[in-house]
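First comes the structure, then the notes that go with it.
Chains here go by letter, A, B, C and D, matching the order in which they are written, and residues are numbered from 1 within each.
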Amino acid sequence: MKINTFKRHFREGTKNLVRNSWMTVAAVGAVTTTLVLVAAFLMLMLNLNQIADNIESDADIRVFIDLSAEEDDIDELGQNIGELNRVEEFYFSSKDEELEALVEDLGEDGEAWELFEQDNPLNDVYVVETYEAEDLAGVASTIEGFSNVDDVDYGSETVDRLLQFNQYARYIGITFIAALLLTAIFLISNTIKMTITARRDEIGIMRLVGAKNSFIRWPFFVEGMLTGVIGSVIPIALVLGGYHFLYINLNDRLNFQFIELLPWNPFAWQLSLMLLAIGAFIGIWGSVMSVRKFLKV
Amino acid sequence: MIEMNNVYKVYDNGVTALNGVKTTIDNGEFVYVVGPSGAGKSSFIKMMYREEVPSKGHVKINHVDIGDMKDKQVPYLRRSIGVIFQDFKLLPKLTVYENVAFALEVIEENPRKIRRRVMDVLDKVGLKHKARFIPAQLSGGEQQRVAIARAIVNNPKVVIADEPTGNLDPDTSWEIMRIFEEVNATGTTVIMATHSKDIVNKIRRRVIAMENGQIVRDEHRGEYGYED
Amino acid sequence: MIEMNNVYKVYDNGVTALNGVKTTIDNGEFVYVVGPSGAGKSSFIKMMYREEVPSKGHVKINHVDIGDMKDKQVPYLRRSIGVIFQDFKLLPKLTVYENVAFALEVIEENPRKIRRRVMDVLDKVGLKHKARFIPAQLSGGEQQRVAIARAIVNNPKVVIADEPTGNLDPDTSWEIMRIFEEVNATGTTVIMATHSKDIVNKIRRRVIAMENGQIVRDEHRGEYGYED
Amino acid sequence: MKINTFKRHFREGTKNLVRNSWMTVAAVGAVTTTLVLVAAFLMLMLNLNQIADNIESDADIRVFIDLSAEEDDIDELGQNIGELNRVEEFYFSSKDEELEALVEDLGEDGEAWELFEQDNPLNDVYVVETYEAEDLAGVASTIEGFSNVDDVDYGSETVDRLLQFNQYARYIGITFIAALLLTAIFLISNTIKMTITARRDEIGIMRLVGAKNSFIRWPFFVEGMLTGVIGSVIPIALVLGGYHFLYINLNDRLNFQFIELLPWNPFAWQLSLMLLAIGAFIGIWGSVMSVRKFLKV
């Protein structure tokens, strides 16, 4: 292709956007609205995912130490635990600290138990955190085999349930995003297809005048790309601006410790890039696919 | 050279538009195609640039059967033929200039040459001053002249015209005919379907008369008429 | 009665199509409008059924100024006028029958009567056998005849025809002219823009000749021609 | 309007759907995909809402009875509580039952406490449920004024937080549904607008032939309505079928007691009716609005 021809295609593609103004508005509008939806949903899902991760990573193993264990034994146990390679960190919590925490946890119910402080029936404890929630069970059973361990508890039931629930939530989320993206692709390429079908006569005339198919296709390629890119401007602005706003305002309000939003930078930028890519891709794809139909001899 | 051998054309809805057409048109000829409305003139002409393919029989352009032609080659065939369509077929969103230039852009002609050549041709058909108008802003006759300009702009080997003067007053018609004669004088084949008795009888050339999808008369330096 | 008083038409792009036109056409007249391509014939005609409104001056139909006409009344004006457009303006998705019937459905005519009347008119223009075709399946001349059928189907008081024989062979043209004469004989006004010297000179009627947006000649039983 | 004319409009509207087949496919496709999305989201949100309600209604007030109270005093207190008109139901839980429940709640941690069964430091308790979670605070403070009440606890902090969180979730949900509906309306009417704009010439010709605007508009009205109705068939089928499937399969698996899906009948039917109405309305609206543009003189 000559450079002049390439320039011509680009010029034509751009001009076509202006010439078919109402179609451009419709196609860009479809891209914009669906991408806004995709963006909003992605922001929600990725953050929920993050929150789920945080919850999981809060889970830990409690190693109850034999009441008979001496200080040396306890240190040795600690060393053994520290050598396990799936363990991220661990700390020691004496039986007095445990009682205190328990009393606090129980709230007003717990006050009654303060009377028994002198006669603390609890064990000293090692609290162990693993890198992944999935490792809890394995590490726990390993530690159970160490000496001076009275019992090991990692809230197996609760954690398992939580893991399962998160898994469900993720499946639902992924299904939803996939559905949304498919819908977006369908709607956008549908709209572009319509704008092009409305120009089938034009394409027919070009062919009758001796234009090669590739010659006809190129300006539509450019046009589709521009449609997608222009259509992603507003969604990107919303992501960059809107997420900033949400991040500033919501992060403080959500006072459950385990809820923390993904940081604006780089998250908003990554998402924006993704939207731009989706927009351009769908634009080109819808455009080229639709033209193809009319280029059959 | 255009050869048709026993060509039949039956459209999807069962209408037989060509009913066994056999003829040869040599390079450089000037041919009128006459006949009543619905006789098959447009269908006959459409065979030559492969807008329609025969249902039966063979059409050969320079000894190449267009039935065997690969899809990729069709654009090249069409570039060598300038067609003036009965319904003009102008691109409605493009200006007069752009419509005519399109036929040159397609063959990736040098932009500067395009500009010169397009303005020359528009001048010839008397529409230089309307270069920036879009078709909807033109009168019927002006649109027809744009179609003529587009057909001859790239100096094709064959010019095919389907009633090129249907919307033109007699004076403009004669001017257009002069252009066709000029083009023909440089060796270009001209094939022209027409209803104009005046033109056919004054500028005497070969006349192919059609009726009911058949050639009923084929006469050199013939008169207008299609009764056998 | 159609009266034009100092009518100017300047299109959006600055072209002056009518440049001070003044004339009166009485009920029952038969008028040819002639002139070179781009003279303003179509623009002149478009004033009469309010496709275009004058930029200056007044157009009165039966003493009603169409400039003052309410939007609601425009459809009624148009129903009393049958128009044959230069580019036919057929509805591409409707069959020939449906295209013609549409003009009667609009006035909420009785369905049975519609059927009878449409078939009558299609017979008149010689297209009864193509009633079920869509426009794309017709030849140029056939499309033109559908447009003619639609224009006369509801017995309008005025028939306006913009080059109704541009795509027709001489024989069919004469048949169409016979229909117009018939219609005119029943008191219908016929106004017809044409480039056909033959017709104008053979069937002598009033001739309005235009050039550059002005009426340069207005003669009863006149000849074709527009040089002043 | 004559009855014949009305029939004609209906016939024309139906025929137009067939004549403009690719436009019909595009418009119906847009209705279908957006309504499927709306339906899926509505199902999700309404169920989440229901779940949130359930969680809230699980909250209750625990009335700790004075250790010194006699059986008669306890009965009297119960009667007083029963007379409060925001109270839905309440039951008595002895200090032994309380200890048992606590030990169970604490899991393995709790085993240590079983030793102290003989020396139970807990109070007897009335557990009170109100009709609405919002009433908890008021009822609690009333009961606090009764005699023989040692202390009242309704997990004020937790419940308040939960209430607030649900409120947030609902706002987000409502915003999302509104956005989705607006998007659907925009996209569908956009698509319909395009199908009609592609027919602007047709409309122009009708007007030139003397058709009144209302005459032109009617078939488009019918066409729009049919587009909307046809477009809602698949979403409705998905709701009726898909929700049935989900209800049967998911309701058992979600073994958290507080999660319970809305019953298939009447929920799925109500949602279907809603989708049909939305489809028809948007179809008509998009159609009639778009035609209007071309009916200006």
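To be clear about the criterion, contacts are C-beta pairs under 8 Å (C-beta built on N, C-alpha and C of every residue); 3 or more make two chains touch, one makes a residue touch a chain.
Which protein is which chain? UniProt says A, D = Cell division protein FtsX; B, C = Cell division ATP-binding protein FtsE.
This is a predicted model, so every value here is computed, not measured.
The chains that touch both subunit B and subunit C are none; no such chain exists. The mean-CA centres of subunit A (Cell division protein FtsX) and subunit C are about 67 angstrom from one another, to the nearest whole unit.
A straight line joining the Cα centres of subunit A (Cell division protein FtsX) and subunit B is 62 Å long. If you average the Cα atoms of subunit A (Cell division protein FtsX) and of subunit D (Cell division protein FtsX), the two centres end up 25 Å apart. Residue positions of subunit C in touch with at least two other chains are not found. Residue positions of subunit A (Cell division protein FtsX) touching 2 or more other chains: there are none. Viewed as a network of touching protein chains, the structure reduces to one closed ring of chains, two contacts apiece. The list of touching chain pairs reads A-B, A-D, B-C, C-D. Those residues of subunit D (Cell division protein FtsX) that touch subunit C in the complex are listed here as 2, 4-5, 8, 16, 19-20, 202, 205-213, 215, 297. Of all residues in subunit C, only 49, 51, 71-72, 74-79, 83, 85, 89-93, 102-103, 105-108, 110-111, 150 touch subunit D (Cell division protein FtsX) in the complex they form.
By the touch rule above, subunit D (Cell division protein FtsX) contacts subunit A (Cell division protein FtsX) in their complex via residues 22-23, 26, 29-30, 33-34, 36-37, 40, 44, 102, 107-109, 112-113, 115-116, 121-123, 151, 153, 155, 161, 165, 172, 176, 179-180, 183, 186-187, 190-191, 193-195, 197-198, 255-256. Across the complex, subunit C meets subunit B through its residues 11, 13, 15, 34-38, 41-42, 86-87, 133, 137-142, 145, 162-163, 166-173, 195, 197-198, 224, 226.
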